[in-house]
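Which chain is which? They are A, B and C, in the order written, and residues in each are numbered from 1.
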Amino acid sequence: MSVLKLDRVTVLRRGRKVLDGNSATFQAHRVTAVIGPNGAGKSTMLNAAAGLLQPDAGRVTLDGADISRLHRRELARRRAYLPQRADVDWPITVERVVALGLAPQLPAFGPLPQRFLPAIEGALASCDVGHLRERPANALSGGELARVMLARAFVSAPELLIVDEPTAGLDPRHAIDAMRRLRARAREGCTVIVAIHDLDLALNHADDLVAIRDGAIMAAGPIESAATPALLSALYGVPVRLVRDSDGTTVRFLSAAEAP
Amino acid sequence: MRSGALFAGLLLAALPVSVGSAERAGSSASHRARPLRVMSMNQCADQLVLALLPPERIASVTWLSRDPDGSLMHREAQKVAINHGLSEEVVQQQPDLVVAGAFTTPATRMLLRRLGYPMIEVAHADSFDEIRTITRQVAAAVGEEARGEALIARMDHQLSQLARQSGPAIQVAAWDGAGFNASEGSLYNAVLEAAGAVNVANRPPASTYGRPDVEVLLAAAPTLLVKGAGTGRRAGLQDNVERHRLVQRYWDGARTLTVRQSYYVCGTPFVADAISGLRGELQAAARQVQAPLPFAAGKTL
Amino acid sequence: MRWLTPSLMVLLLLTATASTLAGTVWLSPHQAFASAFSGRADLAGLIVTEIRLPRVVLAIAIGASLGLSGAVLQGLLRNPLAEPGLLGISSGASLGAVVAIYFGFVAALPLAAPVFALVGAFVAAGIVLLLARTGGTLALILAGVAISGVSTALVMLALNLAPNPYAAYEIMTWLMGSLSDRSWDHLALALPFIVPGLALLLSTGRALDTLALGDVQAESLGVPVARTRLLALVGTALSVGTATATAGAIGFVGLMAPHVVRPLVGYQPGRALVPAMLAGALLVTLADIATRTVVLAGAPLNIGVFTSLIGTPFFLWLVMHVRSRTA
């Protein structure tokens, strides 16, 4: 049961406030989508939440403990983080890339201990990349690579999973697939935080929402109550209509003429 | 490529030109007055000019001639002006004759020729014969033939004296400060042989160009090491072989003879003086070392 | 591949043995073995114990330094063209060594050579790593070219100012690398720097594996990326700096050794370290044998001649290959 909290977090970059006193709570068992226009500070917020960026003011806590006080390896064991466009530079096999997710648990020298093999098998299976295990990871298609990277993040069974734009560049099938897998993780008890551009995916697959613009949080809460046309219009500066039907919710951006 | 072959090649290439220009300079000398002010742009030509002419007839010699390590005439060189081998200095000093060397850059030589300066080119001498040739060449060009012949006669007399007194050859391994072997065909080797030494670094298993490495020294087991070096010790890589613990163990002290570079760097008629000195030094050093080197015992020398 | 490291070790042992037999004076294995343990000051004994053994050990230490630092730099920068020579680290070390040798520091204190060289290597490597953090392959290579250019110019300046008139000639051959006439004294001077340097480089193995995922993912996996950079920097400066001070700049070993072994370890940067170290040692030992057995026109060749003859075509092939892969 891990709860991640941002407490009045401020991040400065060249004197400019990229995050301005943000407070937010991310619950276990739930997928929280961080949305906002380009340059809103989504990635910065995720970096701060992951403990990769020391805030200039405020603090980030994981189950009440200040994340900056946690030992680097302990934090790495409990939290997994995938940046945008995560990829691999060498033609390393998929199986070994997934095993890299266990790095914080491995001894400093020597081969991979046998006891980690089941975890690797499980991660490969959960992302349907078992058949790719011997393929070099830098020669995969975008969808395959995204799944491999998710498997890399899942392998250490983290309590906190922070993923920046997992669906960018993926076709609809693979994008939906990625979101489903993240949601499945959340159902198992994981705290999942996803920065995402695709609002349809966010509204249909996430549980909670954090909307951010110009470094400030405009709204936060469950999708059903927080995701209003008014919020989304204000967030993106474009009139918005939400269309709900039996298949889910669709966000329709309107040109000014169509606006109600 | 061996330095001897290189020098020989340069000599051959330079000969027709230099003889021709010497003749021209000589013939003009008979018409006009002897060239009054001579400028030398080569370290070795410097020494010939200094030996043949009084200071007042020398416009300048190179700055290298004042270096006691490389020049037998460094005291005489103190009495005359110096140059750095630049054509600008020629224009400035307006000499009646320029003496250039085979190593003066072709660009400088071409420029001077185009500007119309009377110039002779003196090749590098690698043997006593070549010393005679270049001495006569320079003497003729400056109009001091008699003095030139006297210098040659003196050298020849000394050399024949040395040849009569020759004893058993002393086995040496010789190189100079830059790490070059005293290779066959070089003046250094000619000097060593005239002084009664045999350079084992010129025979297999040594290679003939570079200075022998420690392994070759062990295999050839020379009685003495002869190192050409300046009087002032200058830091460099030659320390590597000299500091090798085997060299220090077996050849240090009495078995190492350091000779001045000026003995062999330039071919001048005074080389015979250097040879006499070197022979004395070699024999004195060889007398001191009695016991053979331990690893030379099993070898058939 | 489980057999890779052991087989490289066996190959290295065989090559090292051959290296003690080959040279001006050829020895039979029996001769070499008998005289090495006889303790007598006969020809074969002296050649084996005082000339060839230190030379072999030095060749292994230097090759290991080059191969390992190449593998670490390539892994750290995620760049197949990274290498101490191409990045200008060897040039920086050369500059330090030249200053130490020609201005009398070495004559006064032999320790000056490795110390000056490792300072030069440290400065060069530091600048390159700083520049290469943000840029890609191109930025890295250009930074290396710039550092090499500046170091070469400063070496020339140092040679101009040096009191030894033969400095320029000596340095020309020295920069091509040579192990001739090196004794146990050189080893005693070099190993105290090379061994800790190698240890620092080897300690980065696990971090390099993770760095294949990029700096950010590595950081998120608990890898102290900044500290890994510092370890690689200090390790490279210690080992390559000292190697250069002892035997001159031997090019391309750091480039070739990691590439030769990488396919055999599944391209994992950390797993390539030990095999790359052994392959580097093997390359330099072989090249050193070649300098003693291949004699052209009476003049012995330098180690760098052999490594560059193999290394340059390899480098060109690599440049084409890398370009076609990223284009």
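The rule we apply is simple: contacts are C-beta pairs under 8 Å (C-beta built on N, C-alpha and C of every residue); 3 or more make two chains touch, one makes a residue touch a chain.
Only a predicted model underlies this, so the values are computations on that prediction, with no experimental measurement involved.
Apart from chain C, which is left out here, the chains connect through touching into these groups: A | B. Ranked by C-beta contact pairs, the top pair of chains is B-C. Among the other chains, the CA centroid farthest from that of chain A is the one of B. Averaging Cα coordinates per chain and for the whole protein, the chain whose average falls nearest the overall one is C. Separating the CA-averaged centres of chain B and chain C is a span of 40 Å.
If you average the Cα atoms of chain A and of chain B, the two centres end up 81 Å apart. The distance from the centre of chain A to the centre of chain C, with each centre set as the mean of the Cα atoms, comes to 44 Å.
Residues of chain B found to touch two or more other chains are absent. Looking at chain C, one finds that none of its residues touch two or more other chains.
Counting only residues that touch two or more partner chains, chain A has none.
The touching residues of chain C, when paired with chain A in their complex, are 78, 203, 205-206, 209-210, 212-214, 216-217, 219-224, 262, 266-269. In the complex of the two chains, the chain B residues touching chain C come out as 1-2, 177-179, 205-210, 213-216, 218-219, 232-241, 243-246, 294-295, 298-299. Chain C makes touch with chain B in their complex at residues 23-25, 41-43, 46-47, 50-52, 101-107, 162-167, 169-171, 174, 180-185, 295, 297-300. Residues of chain A touching chain C in their complex: 50, 52, 72-73, 75-77, 79-83, 86-93, 96-97, 100-101, 103-104, 106, 108-109, 136, 152.
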